[in-house]
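Note that subunit A is present in both complexes that follow, paired respectively with subunit B and with subunit C.
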Partner chain A sequence: MGDALFYVFGALMVLFTFLTIRARNPVYSAIFMILSFASTAALFVMLDAFLLAAVEVLVYAGAIMVLFLFVIMLINLRAAEHDGLRVSPLVVLVALTFLLLLGRGIADLGPVPAGANELVGTPQLVAKTLFTRYVVPFEAVSILLLSAILGTVVLARRSGEA
Partner chain B sequence: MNQDLIFYVASNLVKIIIFTHIALILAALMSLAERRVSAVMQSRLGPNRVGFGGILQPIADALKFIFKEDVVPGHVEKVLFVLAPAIALIPALLTLAVIPFGPPLEVLGREVPLVIADLDIGVLFVFAIASLGVYGIVFAGWASNSRYPMLGGVRASAQMISYELSLGLSVVGVFMVTGSLRMLDVVALQDDMWFCFTQPVGFLVFVICAFAETNRLPFDMPEAETELVAGYHTEYSSMKFAMFFMGEYTAMFVFSGLIATLFLGGWDIPFMSAETFAALGNWGALLGFASFMAKCCAFLFFYIWVRWTIPRFRFDQLMSLGWKVLLPLAIANVLATGLFNLPS
Partner chain C sequence: MNIDTSQLFAIFGVESLLGLLGLVLIVTDLLVGKGRLTGPATAVRTLAFGGLVAIFAWSFVLEPGAEGALGTLDSFALFFKRFFLATAVATLGVAAPYEDRLSAGRAEFPTLLVFTTLGMCLLSSANDFVTLFVGLELVTVVLFLMAAYRPQLPRSIEAGIKFVVIGALSAAFMVYGIAFVYGTTGSFEFSQISAVINAQESLPAGLKFGLLMVLVGLGFKLGAVPFHIWIPDVYQGAPTPTTAFLSVGSKAVGVVLLMRLVYTVMGPAAAQWTTVLAGLAALTLLMGGLGAIPQTELKRFLGYSGISHAGFLLVALATHSEASAGAILFYVVTYLFANMAAFLVIVIVSRTDDDNHMDRINGLANRSPFLALVLTTSMLSLAGVPPFAGFFAKFMVLRAAVAEPALVWLVAFSLLMAVTSLYYYLCILKRIYMRDAVDTGFLEISGGARLLLLLCMLAVFAFGIYQQPLVQAAEAGASSLFR
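Entry: the complex of A and B
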């Protein structure tokens, strides 16, 4: 049952991701991306990582994609429908290299240690890991994000005044 | 199949059916209450012809909705146009799953918690699913392929992002005190003191954001009939139009339930401890359920009360309220909660 569901949601995720780049209308691209995020969340649920699943839906499917749609609708991309997927050899090369590296990385990880499933997902556990062992990287990332936001605001304001 | 499994599946099915029906019937009654209350506030009578005092008006409305012609204009994006009302309604119904309606009931010697799914992540689930509800409005606005709905959809997406952040942060204080995201834990910890007294700022921010999240006046910018005709549902008719309203009223009920659970003690009754509820057995459970529903209905009334009292914001006011007032308030509340609850 669990295995079958994994393949169903995994296949859906790949399918929706493909449709995201295949769709000719940017709004439909965004919709397929939302569905792809939903499939990812389903995979997290199957790992009992409910927190990650909820955050995936809340942040990616809920907030970020709404922002995407907001921008698409605001600048009315309807007119700019592109003529579908164009595959250049360079893209294929980059994608294959990435797949190869990813495959090698996964192979290097080795087999899943026993009992790993019980260790993910509860809010308490995630919080404890983030705020003890990984507190410095965690704060560094938050400062990085903050500076990115500040940079965007500064850039937007400057171009607005000019 | 063993008996426990059968009982589990059956009890959950019954709960799902009952809770969704409570939400949908309340949605229908709300459409009546909205008109009757507004009528009282404006010295009018309101719909009082169908049934005793107009109580059957929602049924008459539903029949009318069903028999009206379902117009799909020729210039719309068909697929999304048809899907959008469903996308608006389904998340609202899904979020009901983690709302605890009362203390556990005892049936056939087994304990049945009055919540469909007692998730570890409780309120995060509600936020995650509720954040999808806005797609109904955004897609409706986009698929309608005309000016006013489009503006409504764009406004909805901007508004949702601005207020969801404050909404999420305003309850962080509660969870810092409880140390758990589970709804049942939150209710259990409010046995002595409701969180609306210990977390007044969080409560205030949450209530304001709840209005914005459900697109209710004074935050109904996506609809704004005085400027956008009818906003995102301008092109909709018949049952599709009704589904948007069912979605809106169900979302209002869910947020009332959330406010009752997180800040008003859930099913708790003042000066009645959890032991008293347990001692009363199933009557205690029913009493708790009644108390919870009373709180929800009181808050639903508050929704209507505010709608017919406060005029709509301008869009820039709405944005500056969200980002410059509510967000800093919510963050300050998190900080203050942390300082007041330092581990000694």
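Entry: the complex of A and C
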């Protein structure tokens, strides 16, 4: 059952990702991408990583893609301006090489260590790790966001205003 | 796991103070002279300058040796924290005469500078890949903003967008590689990864792939060929103070992380990478050396000159000995002084507009003998002419490299490229002394700028003639990597 579901969602993910780059209308692309993220979230659920699944849906499918859609609609991209997928032999070559490297790398990872499933998933564990072992990068992220806001305000302001 | 705050402050004291300084600057901007352009800018700049100098001075009180699970403050980290703080102070000096040209965001520039310096200091203390990645993003995201800082100029926007695209690409390589390193070793921590790497005879392909991707990500920061394509356009388009900061700071970030990665994480296993690094070094030297010749834009020219310096740093990295690590530390310091002086001269000679064509420095010797002298010193040091500091830096790198029989060809090639590069640095000198000035306006040099230029010039002289103190500091910094 679990295996069958994995293949179903895996296939859906690949399909939707392909449709994302194949679609001529950018809005369709964005919506296919949301569906692809949803399939990824389903795969996370099957790995018992419930928090990751929720974050995937909330942050990627929710926040980020809505932002994408807003931008696409605001700048009013027309379907005709986008000719869809054009495949040159070089692109295929690069992609295949990368796939080969990736496959070789994954084959090298070996079996999943026992007990790996318990390591992820619970919000408590994530929170605890975030605020003890990784408290310094966590704080650095807050500085990063602050300076990004500051810089964006500067860039968005019209000249002459203080 | 419990967090010991006093230990945390012992390691990340500089970063904490920089964070505090940044927040104070934001509040100052809000409180002082609300709505006016110059009042808050002056206050913020003065405060930022004072704060950075104070933290820089304080960093000499710090003792290296604090070590914890979250980070490390070995003498290597401390050396680079001081280096980054000095870079930030010098950048503020370069930014001061430039400020009139900013129509918005004068007060925010020093604040962003403080935050990106924080990221750089954090990186020098990182001992796991999570801190490394977050710190790197902090540095690059702020640098994107600083590159696109004059949105009314198409060139600045172009620089910003190119930088964002390349930065995103390099971050993707990086994080992809980190995922593979984590997958094969089961850890983000440098010490544990290093133990896994050196426990086995040959590295598994997944780990090699991961490390290679991380190397590619860092290659972008360093400006090594073939990851250098962004450099000329971004250097040219970004505001000059940003370019100055980028050329020294971003390169040093690449250097810090590559050194940690090659010397500490890979350790003895890095011997397998000598060929890769040596190849990259040769390509980088070639590109930097030949690319600079046809340039007619000062900042583009310095961009190519920076690429060829990245080549010399890679020669030292490929060597993998304690002497070469010390040489790298010495090299970046001499590069800091020579480069900052050059950028400050560029800001002054192109004072009123943003034309940085090389014509600007024609006949500089008649217009301002002082600026001509500074620029001459800095060019000769960058070219590696004795008795300036740049010569000794190159000498240290090559002396360390020649001890390795496999790298003799690279030393010969570096020498050849150093001689080639002499040509275009001398072309600059020809413009300064032999050509007639294109514009003859009065060059106004403020007291602060004069002081900074004098300081840089003296440093380039002093470290060329009496190297001992800096060599000792560099060797002490480098030795902590090999423990």
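Keep this in mind: the second predicted complex is superposed on the first by the 124 of 162 C-alpha atoms of A that agree within 3 Å, B and C clash if a C-alpha of one lies under 4 Å from a C-alpha of the other, contacts with A are read in each partner's own complex, and residues count from 1 in each chain.
Basically, a contact is a pair of C-beta atoms (placed from the backbone, for glycine too) under 8 Å apart; a residue touches a chain by one contact, two chains touch by 3 or more.
Treat the numbers as computed from the prediction; the structure is a model and nothing was measured.
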item: Touched partner set for A:8, first subunit B, second subunit C, both or neither; value: neither
item: Partner chain in contact with A:93 - subunit B first, subunit C second, else both or neither; value: neither
item: First, second, both or neither for A:27, with subunit B first and subunit C second; value: first
item: Most subunit A residues touched (candidates subunit B, subunit C); value: C
item: Subunit B versus subunit C as contact partner of A:67, first or second or both or neither; value: first
item: Partner chain(s) touched by A:150 [first = subunit B, second = subunit C, both, neither]; value: second
item: Touched partner set for A:55, first subunit B, second subunit C, both or neither; value: first
item: Subunit B versus subunit C as contact partner of A:123, first or second or both or neither; value: first
item: Touch list for subunit A against partner subunit C, complex; value: 101, 104-109, 113, 132-137, 139-141, 143-144, 146-148, 150-155, 157-162
item: Partner subunit A, residues of subunit B touching it in the complex; value: 80, 119-121, 124-125, 127-129, 131-132, 134-135, 138-139, 141-142, 150, 153-154, 157-158, 160-161, 164, 168, 180-181
item: Complex contact set, residues of subunit A against subunit B; value: 27, 31, 34, 50-51, 54-55, 57-58, 61-63, 66-67, 69-70, 73-74, 122-123
item: Touching residues on subunit C, where the partner in the complex is subunit A; value: 1-3, 8, 12, 19, 22, 26, 34-37, 40, 69-71, 103-105, 107-108, 111-112, 115-116, 118-119, 122, 130-131, 133-135, 137-138, 141-142, 144-146, 148-149, 151-152, 180, 183-184, 186, 204-207, 209-210
